[in-house]
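Both complexes below contain subunit A, partnered by subunit B and then by subunit C.
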Partner chain A sequence: MALLSIKDLRVHIDTPNGTAHALNGVSIEVGEHEIVGLIGETGAGKSLTAWSVLGLLGPRARVVDGTASFEGVDLLTMPERRRRRIRGKDLAVIVQNPRGALDPLRSVGRQIAMTNRRHRGTGRATAKQNAIQALRDVGISDPARRAKAFAHQLSGGMAQRVLIALAMINEPKLIIADEPTTGLDLTVQAQILDLLRARVDATGSAVLLITHDLGVVANYCDRVAVMFAGRIVEEGTVAQIFGNPRHPYTRSLVAASRETLDEEVSDEADRSEPPNLVDLPAGCHFRPRCPFAVDACATPVPLVDVGGGHRALCHFPEELRKQQRNDLDRAEVGGGVGS
Partner chain B sequence: MGKGLGRYLLYRILLLIPLLFGVSILTFLLVRLGDSSPAVMVAGPTATLEQIEDIEAEMGLDRSLPEQYWTWLTNAAQGDLGTSWMSNRPVTEELWEKLPITLELIGFGIVGAIIFGVIIGIASAVRQRGLVDQVLRIVTLAGVSIPIFWGALLMIAFFFTVLGWAPAPLGRVERGLELPPHITGMLVFDSLVSGYYATAMSALAHIALPALTITLITGATIAKQARAAMVETLGSPAVRYARACGMSERGVVWLAFRNALPDLIGFFGITFSLALGGAAISELIFSWGGLGQLGLEAITNADFAVVQGFILVMGLLTAAIYLIADLLVAAIDPRVKLQ
Partner chain C sequence: MSEHIEARGVVKSFSVRGSRSLVKAVNGVDIVIPRGRTLGLVGESGSGKSTVGRCLLRLLEPTAGAIRHGGEDILAMRPEALRRHRARAAMVFQDPYESLNPRMRIRSLVEEPLMLHTDLGASGRRRRAGELMRMVRLEEFHLDRYPHELSGGQLQRIGIARALATEPEFLVLDEPTSSLDLSVRAGVLRLLKRLQREHQITFLFISHDLTTVAAMSDEVAVMYLGTVIERGPAAEVLGNPQHPYSQALLSAALSVDPGERRTRHVLEGETPSPVDIPSGCPLAPRCPLQRDDCRGALPPLHEISPGHGAACVRVPEGTNQLPATAPLPIVTAS
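== the complex of A and B ==
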């Protein structure tokens, strides 16, 4: 049984222009000790999926259908009181802009210790020691002194280490990392992701890593789910997704990251305005941007298993294989993927 | 902090000198450029022009304005603010006597306003568009749009004339009650400390309506400000992250409140200086006999020395409140550095 199993999650958001169909049947599974990448462009619904699962949607957004079972219990229907005991304990979160997320008026050590006390019932002195140890574990030198620092005194990378320490202190089973390296320097990004990976390897936590950076996914994830307009359009192992993308959207992402912009891809890029979630096209949502779209694409799309757990939400997942072969001939493979 | 604080205080006090200098010049000119002359008042309605000129010469009003100002300034620097022609007493003595009377009134009014405003503001921010929020909107509108004298008169009409709950709006205490020895000059405080409980009760009953007038005027704006500040912090990434870490709703409100406090304290300072003006009118209506009433009467009677001293004290008070507010903010917010 998967640790986290999201099934057919549908979320609507009220906007001045009407109801936005932000999530349209998202299904993802995260197994124990697994790092699953969730990738897609801004507005695809990656973060929304995460915050729906946490039960922390804004006032205008609501879950209309679906389940999200965590260790076999549906997070979406359980009382908020019970969810609160899971958040920060078995299900921890790392967000982007860590300096804005920390309480500016409390020292970081105190905030880490508070989470430890809240969920584990640790005593004040023990929690303080645990917090200092947690800071040491994320590679912060002189952790006893750094524990007294406030958020504004930390660099972005340092603050993100603090958030990782805070997420790790209660030894969670799953960590949702929502764009954890957005806004950080490239070198710091790599450090933070290496650290996250090392900590996860050490503790055995699973991770749902939300990102729009394909390189991050290629280097750090076991499996990948690609999201577009509130649906998972393709999922598989990193090798499957990068070596053999079956959805035209995935293909454009992979191609863009390889910077081999052939004609179709640049065509795609020209048309790549974000889909209107209030008025989505029937059938495949990617249809208006798809270089291969035909009339049949306006009919409901099947999720096709193309082998080995590799699935694509497309009428013609086999068509891309031929296309792919041409691409490969032209692009001279060999180098790694992404950055 | 010790040495830095001393330096900071010195800097703030030095900053006062140009401020008070400017205020005193402005007051000096405004008072003397008006039509009214104290000599006319002193001389009475039957006086001849010669008599008035004699009195003007005696009061030094026949000399040039710079000359007059210089005399006032050199005396003021030595702690002599001149003599009131109405009471024939030194201005400093009179101000010193009236100051605690007004401070007590404003103190009650402002503390009431802060308690009322903060509680209502938080309640309506936590449940936006709830009942409290709707009521607050009406109360705030009323509080802002009702002139202070009208509010005071309404309260007298209701609580004294109709209900008979409040004592007559004449002074600070029932006539005939034994007064406590002078400790601070604040009647409620002195009576309680010296064990004059009957006097204390009467003084409390007398201070209720004038203080409530000030609460009414300032409380609504504080509530509005508290609501706005809380709405902002409740929607901040820090609150979202705290929820994601499993913080209880009570903890979240407390977090939001602490983070709203630096802004709010700054606003309390501004409100206090507004209340100083409001208090003067409230004092006049309730025959309070404090600083505000003294100042207003001095203005109508062209008692230049008193007006000048009154404005000086008001300037000092306002500056002191702003300083206290800044010190408080620096004490709770590690991001703020005094310099």
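== the complex of A and C ==
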């Protein structure tokens, strides 16, 4: 059984322009020892998926359907009191903007110790020692001194490490990490992701890693789910998604990440408007931007298993593979003529 | 002269409120960019790369140094001359949502620089706005919309259209694609390249994204704590980094091809604050290769190949390669 199993999650948000269909049937599974990447453009619903699962939706957003089972129990229907006992203990979260997530009026050591005492019932002195150890574990030098620091005294990278220590203090089974390294410098990013990966491998905990950085996914994740307009449009292992993308949106993402700008491709008009969630097109939501769209794409889209747990939400996942092969052939012919 | 933008010994310090100490953001940087070429300026946050960009446009007054644009000394310009000069050099900012007034229609945003710097009348501005939209490959109906109705990529094209309105010769692009989704990033970069080619515009391209810098730049300069520690042809610097800091930085870049994990070089600790910059090589306190002569004076750029230099005392003897740390084993799901 998967540690976290989100099934057919639908979330609506009230906006002045009508009801936004922000999540339209999201299903993701995360198992032990796994880092699952959740990628997609701004507004695709990545963070919203996380907030729904954590029970932290704002007043205008509501879950209209679906389940999110954590160790077999549905998080969405359990009373908030019970959810609160799980959050911060077995289910932890790391958010973007770490300084904003820390309490500005309490030292970081105290915050970590409080979390430990609340959920594990440790004594004051033990919790303090645990907090210092947690800071040491995330690679902070001189942790006893750093524990006395306040959020504003920390650099971004240091604050993010504190947040990870806070998330790890109760040895959670699952960490939801929402863009944990966005805005951090490359060298710091590498340190933090190395740390997360090492924790997962050593303890069997799992991570749902929300990011828009495909380099992070390729280097640190086991599986990937690609989101577009509130749906998972493709999922598979890192090798499947990067090596053999079957959904046109994934293909465009992967191609964009490898962009070298060498070839003289003409720059086309930019029609990259995000989909209007209040008035989504029927059938495939990617249809207006899809270079391969045909009439049939306006009919309900099937989730097609293309083998080995690799699934794509597309009418023509096989077509894309043929297309790719044609592209390769053409490239080879072109190269032959040129040389 | 062939050098279009030429800055020598640029220094910029900021005073700290309530203290006598100075933040030394830039400590003697030389920048040379030939006309129509791109210099990529890379470095981590706090390295001073944005400050250099702003000094080149004289949006900040450098504390010391000389800056020439087409041979003209821009630091000597009087206010009126500087105002006229502003039409010849412009800036594109990182986050178009932050840098464009959300209450102005796109039309007013695009026409604003025309009102400030040209004597075009209303109909002339209208015509030019339409032209600019075609240049950045946006349909004209967007002119009547508001910023929130556009995607990040489209909005950054508006930022570019504004910068181009007065036909500048020099653009400072400060992380122009960092806030954009991957799917539109390439389009914006391609647009910039085409505009550069068609109009012979000189670029200073500031970014921490090494992939983007590699795709855009002719030459690359790497900054650390206010100093250029390595510079040279883009392929040389990014493909064969010589300064220990450049080696560490490049080894932290993540390839999008799973399984292709390169050796990792890890530097101890964090970048020190620019208030107390170590004397000598700024990297020395964190560098595993540091030795006594790193602490004296700032090392000069030692040449490795024509045009490629690194400010490390070990370069001449070839002992400047960082030891590799083994990459983490990656567990892949079966």
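The rule is simple: the second predicted complex is superposed on the first by the 315 of 339 C-alpha atoms of A that agree within 3 Å, B and C clash if a C-alpha of one lies under 4 Å from a C-alpha of the other, contacts with A are read in each partner's own complex, and residues count from 1 in each chain.
Basically, contacts are C-beta pairs under 8 Å (C-beta built on N, C-alpha and C of every residue); 3 or more make two chains touch, one makes a residue touch a chain.
The structure displayed is predicted, hence computed values, not measured ones.
Judged by the touch definition given at the top, the superposed model places A:Leu166 against subunit B, while subunit C stays out of reach. With both structures placed on the common chain, the touch criterion links A:Val95 to subunit B but leaves subunit C unconnected. A count of residues in subunit A touched by subunit B and by subunit C gives the higher number to C.
By the document's definition of touching, of the two partners only subunit B reaches A:Asp103; subunit C does not.
In the superposition on chain A, contact is made by A:His152 with subunit B only, not with subunit C.
Applying the stated contact rule after C-alpha superposition, one finds that A:Glu179 touches neither subunit B nor subunit C.
Within the superposed three-chain model, A:Glu234 lies out of touch with both subunit B and subunit C [touch as defined at top]. Comparing the two interfaces of subunit A, the one with subunit B and the one with subunit C have no residue in common. Of all residues in subunit A, those touching subunit B in their complex are 54, 56, 84-89, 92-93, 95, 97, 100-105, 115, 118-119, 150, 152-153, 166.
By the touch criterion stated above, subunit A contacts subunit C in their complex at residues 33-34, 41-42, 141, 155-158, 185-191, 194, 197-198, 201, 212-216, 218-220, 222-223, 237-239, 242-243, 252-254, 256-262, 265, 267-270, 272-274.
Interface residues of subunit B, counted against subunit A in their complex, comprise 236-238, 240-248, 255, 258-259, 332-335. Residue ranges on subunit C touching subunit A, taken from their complex, read 44-45, 137-139, 150-154, 157, 181-187, 189-191, 193-194, 208, 210-211, 214-216, 248-249, 252-259, 261, 264, 266-267, 269-271, 328-333.
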